[in-house]
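Below you'll find the structures, each written out as structure tokens.
Two complexes, one shared chain (subunit A), two partners (subunit B, subunit C).
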Partner chain A sequence: MSTVFKRTIPIILTILIVLVLCVKAFTNEPNFTFWGQTFQTWSSLIVTFATFLGPIVLLIYHFPKIMKKANEPIKNQWIYSISTVSIMIIYIVVGVSLGSTSTTYQWLYNTWYGPVSGLLNAVTAFFALSAIYRSFRVRSFESLLLIGPALIILLYDAPIGVTLFPPIGPVSEYLFAYIGPAAFRGFTVAASLGSLIFCIRTALGWERGYLPSEGESRGA
Partner chain B sequence: MAETKSDNIWERIQKIPILPLRLLFIALIIIPLLFGITIPMTPSTPTKQYYDFIRNMPAGSVVLFDSQMYGWNYGDCAPGCASTLNLILNSPNNLKLVIVFEGSDGPMWWATMQKDYKVTIPQNKKYGVDYVQYGWYVGDERGFAALLDNFWGYYPKDYFGTDTSTIPMMQNIHSGKDIGVVISSTSLSALIDFEVRQAYGRYGIPLLSAPAGMTVMSVIPYYPYAYKGYITGLSGAAQLNSLMGIGGLTSLEGTAFSFMTLEAFILAILGIVGGYMTTRGGKKT
Partner chain C sequence: MQIKNISSILLLVFLFLTILYTSYRAKQGKVPHIRKIPALDAIAEAVGRSVEMGRPVYYPLGAAGFGDASTGGKMAAFSLISYTASLCAEKGVKLINATIHTAAIPVLEDVVSQAYAAQGVKDLHQFSDIRYFPDQMAYVAGTDTIFKYEKPGAMIMIDTWWAEALAFCEIGKAGGAFQIGGTDYRPYMPYFIATCDYALIGEEIFVASAYVSKDPEPKATILSEDIVKFVILGITFVFGVIAIAGYTQFLSLLTS
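Now for the complex of A and B:
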């Protein structure tokens, strides 16, 4: 009975849904179109419910650390856990009670979350600067082929680049139009073929990585 | 003697401490913003195509703007969103704009972007008649596919709680068949790919993109077929502003970005030449 619920029924459902979505994609048959759209909507609903799992998982992870005043994985971890949980609760309470369009929530968002979030990305610019300064070295002909176009694109990407050095424009556009796509399209086609094979295997019930193995409980 | 002196110079350059370079980096960003310095910009071909495509769309066409702005990509995505919004709302062909968000933070950042970049909505443009804003569509590709199939079913209300069925502009917009172009602003390759599959592949809707700088390589494979044009991050937005003949924060940021890129370019050249001179192709002199 357990195997039926854990493996057989999910496989049957997967095959059924894949078939409906495939037929919907290639035909205009009204019943398949209706069920295809319904499955898409259900899928979005499932993702919405999954969003609620995030805070629950966060609490399951941090709450024991606060209770035990844990110092793992880093020293004073429990203080950071209090901070994380408190911030999450503040945002949830304000967002749910006053709404995300309320002035208070907007203030919390724009004053705290926005700058901190932007800062995390901005500091990488300084590491990039160090990396450029220290690691751009032509040690071989191959590295010259890599660094040469990189420098051209670097300058092309700055608004002043083409104004200062006009030949950069056509050279960069040639690189973007022919050299870059040639490599990237090959990569995209290869990845797509891989996805297609994965889909076919899933539709045939051969791909079972998403199912628990025999005798194993989900999440164990 | 001269050779030794030359080698010493290169070695000294290699040993310049990073702190002054970082301070220079900060100064190059701050000075244009503080003193309002702007530089002339030459729009790239994809930027011109982006501009021309929007300006030459048939009158009354529907533009679906799919924004994926977060805090970490705001600096690169927001200028493109602001410039595009200015272009669409001021275009003479009376375009209809529908705004949706791939990310949960999108609506918040959209409001911030309008304030930061002083996006002015023309007086003759009215909410519900010329433009509508919806919220976050969950489920990435599945959500996007679902809203293209049945817009009213997926979005029964707009972001502010008004029934879609009562919004005048939405009376003629039911599915992907009613959309003239999809414009995406993102820093994730996945959004580029699934719009190609769902909008261009299933409905034949032409695409435009305002990706972050690091995402432009994901657009390139589909350009100029699915994607008819693109503006690359802050740089592309500044170029688009120059085409529209407007300045503002985007142009200032474009100048700051240019200056800091020039520093990075010079450092890279020094690094390459200095590295070669000190090792002479791998052999330390």
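Now for the complex of A and C:
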């Protein structure tokens, strides 16, 4: 019974919904258009209901730590847990009672959340720098092929790059206009095709990774 | 009833027929040979390394959306999480998952807990091993905390990723984790190649679940993908020549 509910019914529903959405995409048949839109509305509703899971998961993680005055995984973890839960409650109360467009909520967002988020965004620039440093170490022939065009583009974008080495201008523009897009399009076509085949496998019920396992030792 | 996008329907029908043909051949015992994908073979190595170090394995999901064009990547990630969880359960190591999508939480819980239960080590997985971060930058900060205090031995990042990918890769590298990454989203692909020990490129993330599967049919679909890829290449070449020759009126056949 459990297998029927956990695997068979979800697979049948997946096949049915995929068929309806496929017909809706390729025809203007009103019944399929209606059911296709209905399924998409249901999907939005499910995602909206799942929003409530977020606070629940945070509480499941942090509440025991507050109750036990936990020092794991970090020292005085329980104090950080209290601050996390308190901030979450403040945002929920203000957001639900006054609305997310209210002055109070906007003040909370711009004063507390904005600077922290902006700071973390800025840190990503330093991560990019260290990643560039790592990728500029030639370890193989393939990495040499990556670095060649990268150096040319880097010099092209540098303020005095083209002044110092004039041929870099047309070479970079050629790379941007022809070599780059050709590789991008190859990548995009292959990735889209891979995604399409994956979706067909899911529609045929061969792809069951999103369902609980049937007790097999491993495998998708 | 009016039919739209006839060229797309023809391609889809051709794709479907090749899948049926290759899967029929696979059932007859003619399973196509699939070349080794080192990044996928390295998942077992990553889990083994974590066991030796006595540290957990970390598999975060990308921040890319759920219910849009990125859903295929998410579904592929769930297949690989199921595989990774089975390996972790087999070796007795903890798997930590993280996401910014609340809708992914029940799927993750179901897939991971069942994988642990199948190996008889249900107690090794707790619901609190699935971490939720409500925002992209909170996700980066949370991952940094996980690396600082829980010190995962390996991080597997195969999914559709956005800009947080670079921060994750660098945090993992600084934390000394063995890293396997992959995405089908082109702009962030170079991050994985530059920073991970092994990287899956583009479509490889979609063949991953078929690669690790024991069933012949999913493996056969990889051959159909290659057949259709060559057909698309042929069509591109033929219509490219037609366009260069100046007969542009024929190009409308591709968009009808």
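Annotations for the structure displayed:
Criterion: the second predicted complex is superposed on the first by the 162 of 220 C-alpha atoms of A that agree within 3 Å, B and C clash if a C-alpha of one lies under 4 Å from a C-alpha of the other, contacts with A are read in each partner's own complex, and residues count from 1 in each chain.
One rule holds for everything that comes next: contacts are C-beta pairs under 8 Å (C-beta built on N, C-alpha and C of every residue); 3 or more make two chains touch, one makes a residue touch a chain.
Every value quoted in this text rests on a predicted model; they were computed, and no experiment measured them.
Shared-chain residue A:94: touches no atom of subunit B or subunit C. In the overlay built on the shared chain, the residue A:70 is in contact with neither subunit B nor subunit C. Using the contact criterion defined above for the overlaid structures, shared-chain residue A:197 touches subunit C, although it does not reach subunit B. In the superposition on chain A, A:116 makes contact with both subunit B and subunit C. When the shared chain is aligned, subunit C comes close enough to touch A:27, but subunit B does not.
In the superposition on chain A, A:47 makes contact with both subunit B and subunit C. Residue contacts after overlaying the shared chain place A:206 against subunit C, while subunit B stays out of touching range. Applying the stated contact rule after C-alpha superposition, one finds that A:17 touches neither subunit B nor subunit C. Of the two partner chains, neither subunit B nor subunit C is touched by A:171. Comparing the two interfaces of subunit A, the one with subunit B and the one with subunit C have residues 25, 43-44, 47, 51, 116-117, 120-121, 128, 130, 132, 134-135, 184, 188 in common.
Residues of subunit A that touch subunit C in their complex: 6, 22, 25-29, 43-44, 46-47, 50-54, 57-58, 60-61, 73-74, 116-117, 120-121, 123-124, 127-128, 130-132, 134-135, 146, 184, 187-191, 193-202, 204, 206-213, 215-220.
Listing the residues of subunit C that touch subunit A in their complex gives 1-5, 8-9, 12, 15-16, 19, 66-67, 72-73, 75-76, 78-83, 86-87, 90, 101-103, 105-107, 110-111, 113-115, 118-119, 127-128, 130-132, 134-135, 137-138, 140-141, 145, 148-150, 163, 166-167, 169-171, 173, 184, 186, 189-191, 193-195, 201-207, 209-210, 212-215, 217-218, 221-222, 224-225, 228-229, 232. By the touch criterion given at the top, residues 25, 36-37, 40-41, 43-44, 47-48, 51, 100-101, 106, 109-110, 113-114, 116-118, 120-122, 125-126, 128-130, 132-139, 147, 151, 154-163, 166, 169, 172-173, 176-177, 180-181, 184-185, 188 of subunit A touch subunit B in their complex. Against subunit A, in their complex, subunit B makes its touches with residues 18, 21-22, 25, 39-42, 44-46, 70-75, 104, 107-109, 111-112, 137-139, 142-143, 145-146, 149-150, 153-154, 159-160, 193, 202, 213, 217-218, 220-221, 223, 232-233, 235, 238-239, 242, 254-255, 257-265, 267-272, 275-276, 282.
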